[in-house]
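The two complexes that follow have subunit A in common; it is paired with subunit B in the first and with subunit C in the second.
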Partner chain A sequence: MSVAEEPEVSAADRPRAAAVGTWLRATASEIERPTAIRAAVVAALFLFVLLALPGLVSTFWLQIGTTVAIYSIVTLSLALLVGRVGLVSLGQISLLAVGGWVAVRLGFAAPGLPFPLLLVATGVITGAVGTLIGLPALRLSGLYLALITLMAAAAISVALQVTNFPNGGPGFLGYSGALAGSVSAKLHRPDWLASSASFYRWVVVVAAVMFALGVLHVRSRAGRSWAAIRQSEPSAIAAGVNVTLYKLWAFALASFMTGIAGGLLAASAGGLTTYGFPAQDSITLLAVVLMGGVFSFWGPVVAALLLKLLPELLKNWGLPPDLLTILFGLGVLQVMLTAPAGLVVQVPRDLAGLVAMVRGRLAGTGPAEPAE
Partner chain B sequence: MIEVSALTVRFGGVTPLDSMSVTFPAGTCGLIGPNGAGKTTFFNVLSGFVTPAAGAVRAFGEDLLAMAGYRRARWGLRRTFQTEQAIEALSVFDNVGLVHEHSAGGHRATRRQDVLTALEFVGLAGSPKESVATLGVRERRLVEVARAVVGSPRVVLLDEPAAGLPDEETQHLARVIRRIPEQLGALVVLVDHDMSLVSACCDVTAVLDFGKLIASGPTAEVLRDERVIKAYLGTEDKV
Partner chain C sequence: MPDFRPFLVLGLALGGVFALSGVGIVVLYRATGVLNLAYGAVGALGALISWSLINVVLLPDWEAYLVAVAFGGVVTLLYGTLFGPPLAQRDPLVKAVGTLGFTLILLGIMSWAWSYQAHSLILPTTQLGFEVGEVRVNGTQILGLGLGLVVTGVAAAFLRFTKLGVAMRSLANHREITATLGVPVRRVEAAAWLGAGLLAGATGLLLSTLVGLDIVGLTFLVIASLSAALIGRLESLVVTMIAGLAIGVVQACLTAFDSVGPYRTMTPFVFAIVALLWFGFAQGRLSRT
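Coming up: the complex of A and B.
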């Protein structure tokens, strides 16, 4: 494209137009076909889950789907911390409870607050709490950081047993024993989210926004800085990365996401119970997140399905849910030993290997698969 | 110019750097010495990983030790590591771009061009979009050197860049190193055990032994210095 073909471009704009043209061409060449196919698959799957699924399943399974979508935000936050920054947090489930508490409290304090704004406020406040817990992360790493976050989680669950979730009572805690009627605390949903299907769709959209936020971060300056920190802090410092800032930012972002998930959970059918967030659940969460895969954005989705859909399926098939503990234990062992990148990498790889092997056998001439 | 005065580092009872005073004037300066002499410790002090017990370091008039580690990098202090530290999760372009976007003069508008220039400067052929995880040792070294020279570096610390490289690669590296002060105007401090590389690149060289500076001056003279030869070969009466 030459400038002569565009008489409307003034002389002063020419270099700029040329620069934009170069940039456009460069950008277009960067979007390769696999990327386009991947984007199409993601879009198709998202539309199916958003539009078609509610019509295909019963209310019960739709509520399970809602829970899976909510927990996919939690698994996403932990996968970001572990996979992208190299920080192991064992406090994510307790932060989910904090998010729930904040959302319910805000619901009573400001009944007129629009639901989306309430969610964002919940995310921001939980983000601040999570950042405080993350402060030790500046000095600690690995096992010690995991231990600190687990201790904070235990402290939060003890505090929760004492304070309960707000039920419209007076004071900062907003809990009154006299008002205690039902066992679970709930956040009142606006009318436009009253039905199971509309709430499900809203949750799926919010989860998609959170995943988009995650993808955006990983592809930006923050993601590159996290990659440097994860590999080696000295090399990150030598590259000019403010390690403290980016670690805290990671904690803030993960806590923000988990807080929003907590707000959604507070508004979901089951509501919140004080015994619903035991500290040890954070360990199970880490196990499924590792199993799903922490280096891909599909990993957290698989992890959420393992965590919230699989138990219901087992129950449905008449199998004891305790089986899960054993399955997760074996699963995480298997993944750590054979595929550290998680099931999202392992399953397609092994399937492709299997297909190649079967093809080779059928053709009879193909290279024989080496015996393992 | 880097002026180091009475720099001392202590780890418990060990003194890896003992009152080191030296001036690296300009161009490419060598820093040599036997294993454990304190060369890497000196680099780590400059990078901000190790806090010295005493002493001062001024680089181009700036009090280097007063800056936080990452700010020194933003100011223009770059380095490579003995065990290369190119980031495996990122592409070649992003590895170099990361340093550019965190440096003081690293504007977004010039990033693409600056990164490609740096890759060309070190002679790294191949796609910038390639993941570093797929590269060999030689290419990873060059990626690290590209990280050290992208944008506007002021001081470049090279910690054994030729370790484990075959001869012809070392010669290529020597050409690249010599061009850093010539074309980019940065001061290079080169630590290496390959004396032919040090002789080829460095006009002046300083020698450390057990944390003490035992010689400094024009490279050819320093390498002939009796104390230096003794430090490397040992002396009979030490046994």
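Coming up: the complex of A and C.
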């Protein structure tokens, strides 16, 4: 059972055999034109964001852009869990904090480790932690799984308040109160990533790699197994899907991604603070992910923009960012009631409906049916 | 061996309030199938409103407290009436996520109108106090424990012996069959929402005196109360009460140990995780009514 019932089975979920069959029947141009256009749009947008954007905005907005890109990895991981597998985690922000902790700890333990390797190691360790938290998912489903991740998140945030992020102190925890004022919990960036623009570009590339990883999974055997599990676990078992393996794999993948985001966050301009990862942020995260839409890869991008760009815009316009919390709350209820596929599906559909209605009125034929 | 007696008093009072809110959560879940995660936020907003009524509008204290409790009932009933029926046929998870949306709305209102600055609300019962042995006990602590015990007893008797209570229990078993038997489902559910909301308002007042009037802190104390409710399997009021008291006492007594003292607020979460794992692995799946 998923939080949002998917209105239709997306092409990626259909067995590959069916897709191949369609491909054989259709002429090459028919099938390739929309795919090519879509790929071109994605590539153009990616190149614009990667190459042109740093030259157009100030350092402040570039840092916001960096944060948006980092959080798009987190929203992607939660969207995969909720939308593809039907597992709701309320502990993703705490896992992000774990990722940050691991990255900073590794940074102090092995200063010579190249940055990309450190990121991968952080992802792997966080992935192991996340899989451990996900173990109950094998036995508990739905509501109880969401609650256990919420409890784990609350416990992690209490532990974090006590242990702090490592700052080069002794022992396993690596925190020393004596160093607290002079050394911040921040991952040292290598020279080639020292400038804001180069770090921003690196983050965008890493985020793109994570999205590619997500797309690859959804289009492969893993994605089809997840779809089967989401729609009905007993049928998935009957169809020979290894439910244990693919549920744990989903948790491992989502935690790996979140860990990498944590490592990037540790290296970003602000560094890490223990009050930066409160339990309520996991709830806000779920809210924006549901609002953005969990069945499309554009959803997590929209969610990250809602989460990290919108508050800054509101502050810029002199509006209180608390309004957003209210908006996100209303958004969740609206998504639950009327738009299970999120904004990325709803807005284009409603706009198309509006256009059709206006055209109908102008033509004098009365209101037309909204286009589906 | 440290002297546990002062911590025992603190723990029983806090545990009583955990039990009180745990009972509110269980009664609502049994009647409507909704796990109300906005419970803490409703209590916190009620406490803030009564703070403003006392310090800004200069209303008499007891009127302000009544308003807080009534506010809890009304706003929870409003949510239940608006969003309960459309979500009634959905998965329990969807209903719970809906209350998370409600939580965010309340949190946004609170941090916008009252900001994150510190407020304090001390119930007049705190001034009443007496010595038990060598330990000082104040009236609010007695009130917390007493309300926890009394409400558990009253709620259990209510579900067992009254017509409305029996209707709520049958709703918990099967919504459609209950409706077929002529039980006015919406009205019974509304009563459950109202009752749970009134309890949320009272809990908010007690906790803001016992723990402190902190928006985020109070909102997320619901997670601690939820632990008690989960140990009661969202079903047994008595187990919920005992679990609430146990969590409160263990958490308070851990203060006496320097090595684990700082981690004591993890107590409810650890209790809940262990309980969920045990239910999950030792006794098969939890039922999903």
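Keep this in mind: the second predicted complex is superposed on the first by the 330 of 372 C-alpha atoms of A that agree within 3 Å, B and C clash if a C-alpha of one lies under 4 Å from a C-alpha of the other, contacts with A are read in each partner's own complex, and residues count from 1 in each chain.
One rule holds for everything that comes next: contacts are C-beta pairs under 8 Å (C-beta built on N, C-alpha and C of every residue); 3 or more make two chains touch, one makes a residue touch a chain.
Everything numeric in this text was worked out from a predicted model, so none of it was measured.
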- Query: Which holds for A:A279: it touches subunit B only (first), subunit C only (second), both, or neither?
  - Reply: second
- Item | First, second, both or neither for A:L333, with subunit B first and subunit C second | second
- Query: Does subunit B (first) or subunit C (second) touch A:V124, or do both, or does neither?
  - Reply: neither
- Given the touch rule stated above, what does A:G240 touch, subunit B (first), subunit C (second), both, or neither? first
- Task: Determine, under the contact definition given at the top, whether A:L50 touches first (subunit B), second (subunit C), both, or neither.
- Result: neither
- Query: In the superposed arrangement, which partner chain does A:L309 touch: subunit B (first), subunit C (second), both, or neither?
  - Reply: neither
- Message: Quick check on the superposed pair: does A:A227 touch subunit B, subunit C, both, or neither? Answer first, second, both or neither.
- Response: first
- Query: Which chain, subunit B or subunit C, is in touch with more residues of subunit A?
  - Reply: C
- Task: Using the touch definition up top, name the residues of subunit A that touch subunit C in the complex.
- Result: 1, 3, 88, 136, 139-144, 146-148, 150-152, 154-155, 158-159, 162, 278-280, 283-284, 286-287, 290, 320, 322-333, 336-337
- subunit A - residues contacting subunit B, complex: 26, 30, 221, 224-225, 227-228, 230-232, 234-243
- Task: Write out the stretch or stretches of subunit B touching subunit A in their complex.
- Result: 47-49, 69-71, 73-74, 78-79, 81, 85, 87-90, 94, 97-99, 101-103, 112, 129, 147
- Query: For subunit C, which residues are in contact with subunit A within the complex?
  - Reply: 35, 83, 86-87, 90-94, 96-98, 100-109, 111-112, 216, 219-220, 223, 226-227, 230, 262-263, 265-266, 269-270, 272-273, 276-277, 280-281, 285-286, 288
